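Just so it is clear, A, B, C, D and E label the chains in written order, and each chain counts residues from 1 on its own.
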């Protein structure tokens, strides 16, 4: 890969995290918040945004400092930086809404332990220019938020009959409580993965058939 | 000698004990039929409708997944029908039909199709379906109907015909209108746990109490189970040891505090223990194959059932105990591999 | 409310199992549960790290409260846990090189295992005293081992099954997690 | 087995199965069949190196004459079963499956077929080593089916001591009755053979284990026991595979042969009744093994019975003599549990062939069911006499985890008795899976 | 954090000086950022928390518009201020606009079905009864256990739940108990919810435990709460019900 292409920021830099290497659906990273807080769409969104913020801020900072961080202490440094931003987010959310803070509980602080963020710091931010890291982190964050929403929406609609707290089906709707329980989290994420796998295999099969026909 | 016969060529052994999977499965269905008949007699049209809808949904789902995975139909092995009937028997008789269908679909999809069908499922599909709706619709699944209520053959329990995705109506008024003596809306287990009232053993034996469709008559289940055991279609050690485990655990607590804890006979006869022990814990697919493993598995189910009943938040623990037993089966199997003939006893 | 030790333990093992109810430690739960003979050591290692970091977190918290710098709690905890893992890794390398070879790649994973940090944070939020924290850590560890070992057994069994091709991989592991989670719901309220 | 033993005093082993026994030919005395026009004599009728031919095409041979010599200590010679002319040495089908080199003899129809070649000797003068040598010269192998050279079996490894000779008279395979008939008709020869074997191995006691569905044999043998009590007869439970060495040792002596070990590891050497009766007759005369008793039975046979046939008799000849019927038939050499099915009518009777079984439609139909997935019913686990876990082995075999099967689940202890396949309600061909698995593991080890 | 050893070996050793300098720099930077955020958000968070507590307190003590914090310990009832933090069971006294003591709010907790249920309840000294409860934290089954919040019939139990002391003032005259749905006869009994018995029982258990522990100590000292009511009633916060 030439130096030039390595440095340029393309659509791919952003969209990589959104779809092809989606941190949740493809790389299965950061599962803990994915499942724990997605029992409602609003929680999912808040968690997604909080994570994106940490991802962006830590990515940018690490990228800026990448030449001055000695290799031996880089991971420790990354963790400290990430923890700093997580603490900031934690207080910010408390300040914005106590209810949201209570709903997300310790999982805000657990963003620190989200392997996605450390992974990005190590694999991307420490090797790329700030703007590029920033773009990539934005894509990753968006992909993460999207995945969280995918779960949050399904679980809230089925499990509570509402979306972003707005009642959808009227008072007589019987919610499927299991969906907002832990088991539902596992099952819905499993179902999403199954769906994607099915789509992928179908696409491969169709391509194979198309290739066979043209031959 | 003149005509040339075809010569068959197969591998040894050239003899077979006879009997196959389908025959076992069919016999399980036969054994459940009396229980179905009893529940229909007891709860009327609603129970019949529930049985039909749940079983039909199970079979339809099975066919659907066959088709999705481009497999030939596996309805012929009767396993989907068994799942359906068992599932229906574990639901409250007035359970809304649409929820029954959800349970049936969950049973086949999560419990079976996901793992590759018959023989591959990790846990009992019927119980997966039951656990799913227990978690999804906690209110409906704990709404009980009195046994032998008036007009059960001419009208449905009001909750049965709830339109899909809607909440079932509250049936308190209906219950008082169809029963003579006040029906508390509680199963024997709930009565014991929350009110400290112990039901008459005879009622529970004969099944004149409230409860899930198929669990009320301990006697009938016992007879049907014994039929299967006699025909060697199930491993009698499992139900016996499940009940032994339950009885001993219950007995210990009963001896500690006879006022607070129910006596072992009650534990035996109440709730789904009988049905679970004879028809679900004994499910071959989910139980260990090693002789020692079977003992551990069955005792574990019995003990867990009583522990959950006495100390847990729920009134009934059989379902969860069996599911956990199923989940632990691969482990148990691995840890209890029999000592191979000639293997040294010490050293390994 | 002071919680009895037995309740803390049972709750952490069963009803509020770290993996199956709180979703903590999912990465190793999904990643290392393929084989029983790696799952069990992984569980044991995690439990050990949990104990170490629970004690360290308890002590650190006393210091933080003393100087009223609780806002540094997160940074302090993660630093402590990282060092604890490092210590375990070094000890393991010395004591059992064979185990280290099979676990080596997972140990760094424990640092980013949210179960460890979660344990430290939860015990602080719940204001457990020292004994309670210790029991909580053991309960969480046992719960983690239970979940990962059950999962490993199931997955080894599934490896022999003729699963439809689309259900192979992470999806079915998650579904299994869901089914286990459903089964563990039966323990709700136990020990109260 | 402990409890069962206490209550009923039955000698037996744990697990195993009770298939229908069909011992309909038990009362049919041994009869000689006419000589076939052609004999096919594979050079590898025993386990070990094939014999080396001593004859050439066109050469005349007399009945009893050696026609092939042993290729070293792990081989046995072959003798001409009939007087005739060698018409060739060609590749011919064998019961083992693949074709192998065989000496073909065209028999002289006019010959009296008397044994013309013999070297009588006084057995009591031979040292054990000489006795072993003499046994090898007879070309005797295990007639129970294994076809393991008898002289090797009776040679005790130097680091082992053996105290007991167990004589296998169980004949646990359904249909087969040839050993039963030998015990009834040739008890003296058997006792003689036992004494020779005891001398060769230096054992002080001998136990004849006979299944309790052959009590007449037990009585006759007891009548012929020598004084002194060094030989005794034990009746054991009628159960398959009681006739397996390890099971029989467990039943009569309650000793367990270690996994992967030999009977000698527990101080035992086992021989089949047919083998020892044969030695008892052949050794003093100095003759070679040229004929054997086989049971011809099965629903497809018109005149079932126990027949004495020269080795190398093609099954076509036997079937012509006894008659068979059925539009779909299956020819099995040996018993139905372990015997291989053969497709070629030219396949000869060899030293290890204990029976010829012909199944036709009803019994074939019965076993041709669809294969279902394993439902983990554990019947195979309860049937396996080696206490293996065929259920998981079968599932692993389907996934081709052959090495793990051997490492974790003792695949190599399986001796292919067929109990698991017999009981499997899903009709999974477990034994066949295991054969393949073992073969592939062997191939990869080589 | 562990660094793979091989990598360390391959790297030329960075002098300790820059390493420490970087670490110090990073530490200072993060310390600065965290402290800054903390200082910025602290007043807002405290205000949020105060509102949340007041909303809850005013919900369980009808008519209260102002509150004052106390703790109950061995020495009796002690007022809590920022300058004078005291150890003990925290309670909140609620006052109306005239500064009259309307009630006392205290926390209670008990094991429910899924997890511990945390409650705040309002006690009115005049009628010696519990006038309202608010669930602070709940993990019960949605649709079932959370009926303790939504079920009007159940909530009505706390219009005036008797919590009077015995003559000696050492214990409750009658234990607060949850009874089977439809069988409530006495003012100290709580009518359970059909189908959600465990959660309803937990509420009764929590109230009973807390009242037993608190009220005998509190009752003799109620007068102390009436002294020095908060001078400036805080602004109206009814709208902030969360």
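Brief remarks follow.
We take it that a residue touches a chain if its C-beta (ideal position, glycine included) is under 8 Å from a C-beta of that chain, and two chains touch if they have at least 3 such contacts.
None of the values given here were measured: they were computed from a predicted structure.
Where touching is counted per the definition, the chains common to chain B and chain D are C. At the far end from chain B, in terms of centres built from Cα atoms, lies D.
Chains B-D form the pair joined by the most contacting C-beta pairs.
Distance between Cα centroids is largest for the pairing of chain E with D. Between chain C and chain D, the centres computed from C-alpha atoms are 59 Å apart. Mean C-alpha positions place chain A and chain E at a centre distance of 34 Å. Chain A and chain D have centres, each the mean of its CA atoms, that are 69 Å apart. One simple way to say how far apart two chains are is to compare their mean CA positions; for chain D and chain E this gives 85 Å. Chain contacts: chain B has residues 110, 117, 119-120, 132, 135, 138, 313 touching two or more partner chains. Listed for chain A are residues 75-76, 79-80, 83-84, 87, 91, 177-178, 181, 183-184, 187, each touching two or more other chains. Among all residues of chain C, those that touch two or more other chains are 71-72, 75, 82, 161-162, 167, 172, 175, 178-179, 182, 185, 188-189, 192. Listed in rising order, the residues of chain E touching chain C in the complex are 1-2, 30-31, 34-35, 37-38, 109-116, 118, 198. Of all residues in chain A, only 65, 68-73, 75-77, 79-81, 83-85, 87-88, 91-92, 94-95, 97-99, 102, 159-160, 175, 177, 180 touch chain E in the complex they form. Chain A makes touch with chain B in their complex at residues 169, 172-174, 176-179, 181, 183-184, 187. The residues of chain C lying in touch with chain D in their complex are 159-162. Within the complex formed with chain A, the chain B residues making contact are 99, 102, 110, 132-133, 135-138, 140, 162, 165-168.
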